[in-house]
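The structure under discussion appears below in the form of structure tokens.
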């Protein structure tokens, strides 16, 4: 894995992470600090899942 | 007993049961009545501990011991299924064949999977505030993972799902529930009593004392349990072949 | 109307029992058992209902602003829905074992095999 | 009883009633389509009920149904692919009509609630619902190539 | 107050439960059970039990049909294999 592919992977995970954190903010009713922290970690789990599934399907 | 005789016995028993049940229904308090003594007290108790979702408060605070029982039924049935569906000596493991899946279906699965996982986590995390909780969210998060089987194939699912880890997670979550209960005993009160943590501000994530912790433990337990269950069923349906020499 | 929901629960239970007793396929029988289970959910929730009430979930309403239904029966039901599904899985695993050992899932044929 | 609940009563009675009838009778290709339609009809019904009861918290139910309903149809499309390939369902008209109904309900509710988090959630549910059902009905009519699986 | 709604949804549940028993083929039964799950979730919402409705949706829409269909798949494959061998 060279630097370019690593960069692309990081970019993909970051993109999903940002999108899912935004989605969490849509789902909840009131936002506070703890809510942001929990939302960001849940979104990270989702982003990693997205990356892992794409890889599992992609390189066969 | 022949089929006809069995039907007659069934009809007699069924008619008797039906008569008794209908008589019982006519004696129940009428549907939609205002007399709910337990419900009113449960709502009061929940509000006094600042848990917004009364049902979560009943499950994880007022009747937390009962939920421990439910959880052990769940755990036991998962263990039973794993034992029943293990690979026996006269079975071999075939390679699952790759599937041809239409492109829109595959794209849909890949996009919706993270969204469904996030929704499952949201339902777990907000269990003590809005409708939801560990039981529901756990099932959603676990089912979300299986979109990969539905939208791609079983080999792809196997790559991202280490069953051993989920088995460990199942056991860890079950013990986390018990440990939280025992912590209350060490704190000088009763098993699973909700006196350990501050009750927090009403309608925020940290409210309700130990309710969010127990809720999260149940969420993890259910999610891992469903993944392990489905793994066994998928193995049986897709992978495991019987030896030709049998019988 | 004051007894209709209870009668529906009774009907679902009895029809599930009928299916269970007359089933010719063990997988179908497990499905009928799931129908029987749902009768208990309907009965419990019907007992807890209050006319004009709403759910006792205070994330979007103020406590005390509206009459609420009984949360205790709901808590009983919601755990049982999920636990019931895993018990269904256990029964289906048993059915698969029966099919492996005896080569059939018809209860009548199984009886002949044993006797 | 308000207008929202009245609409929901009529829509659920007619729509889900029709799908129950469709799923219990007829050839397999009609049954799977009816199963797919049941979630597509029930989800807008849940949105209407949430509005009618005045409880935005009930929207979570519609969200989960919009996510999981199509997944349930994919289960059948996947495991019945051999039977369905021999006799594929064609239900373009019904699918589009139900998708249109869902879109109308979502747009009307958006107009009533006004901008905010709830509106974003409604639009998300609508997108998931319509996208999911179109994909699910595509999967039923030949989404999985008939394979040699047993 | 919402009596017609409750009656309609109750009838939907009763009819689909009856259909789930009357349909004898396990594949068809799995389809009816999926619809019964949706009908039950609607009933629970109408009876003001959204938590139970969520539970029922999560279990009834994907999990139960998937378990049933995988069992059917397994049993059928076995029967087919036996017939193939006998021939």
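List of remarks:
For clarity, chains are labelled A, B, C, D and E in written order, and residue numbers in each chain start from 1.
Here is the rule we use: a contact is a pair of C-beta atoms (placed from the backbone, for glycine too) under 8 Å apart; a residue touches a chain by one contact, two chains touch by 3 or more.
Being a predicted model, the structure only gives us computed values, none of them experimental.
The chains in contact with subunit A and with subunit E alike are B, D. Each chain gets a centre from the mean of its Cα atoms; the one farthest from the centre of subunit A is C.
If you average the CA atoms of subunit A and of subunit C, the two centres end up 38 Å from each other. With centres set at the average Cα position, the gap from subunit B to subunit C is 15 Å. Per-chain CA centroids place subunit A at a distance of 28 Å from subunit D.
With each centre defined as the average position of its C-alpha atoms, the distance from subunit A to subunit B rounds to 25 Å.
Across the assembly, subunit B contributes 53, 55, 115, 119, 123, 126, 130-133, 135-136, 139-140, 143, 146, 203, 226, 229, 233, 236, 242 as residues in contact with two or more other chains. Taken residue by residue, subunit D touches two or more other chains at 53, 55-58, 60-61, 63-64, 68, 71, 75, whereas all remaining positions touch fewer.
The multi-chain contact residues of subunit A, meaning those touching 2 or more other chains, are 23, 27-29. Applying the touch definition to every pair of chains gives A-B, A-D, B-C, B-D, B-E, C-D, C-E, D-E.
By the touch criterion stated above, subunit A contacts subunit D in their complex at residues 23, 25-29. By the touch rule above, subunit A contacts subunit B in their complex via residues 16, 20, 23-24, 27-30, 32, 34-35, 38, 42-43, 45-47, 49-50, 52-57, 60. By the touch criterion stated above, subunit D contacts subunit A in their complex at residues 56, 63, 117, 120-121, 124.
Contact residues of subunit B toward subunit D in the complex are 97, 99-102, 104-105, 108-109, 112, 115-116, 119, 123, 130-132, 136, 140, 143-144, 146-147, 149-151, 238. Subunit E makes touch with subunit B in their complex at residues 50-51, 53-55, 57-59, 62-63, 66-67, 70-71, 73-74, 77-78, 81, 85.
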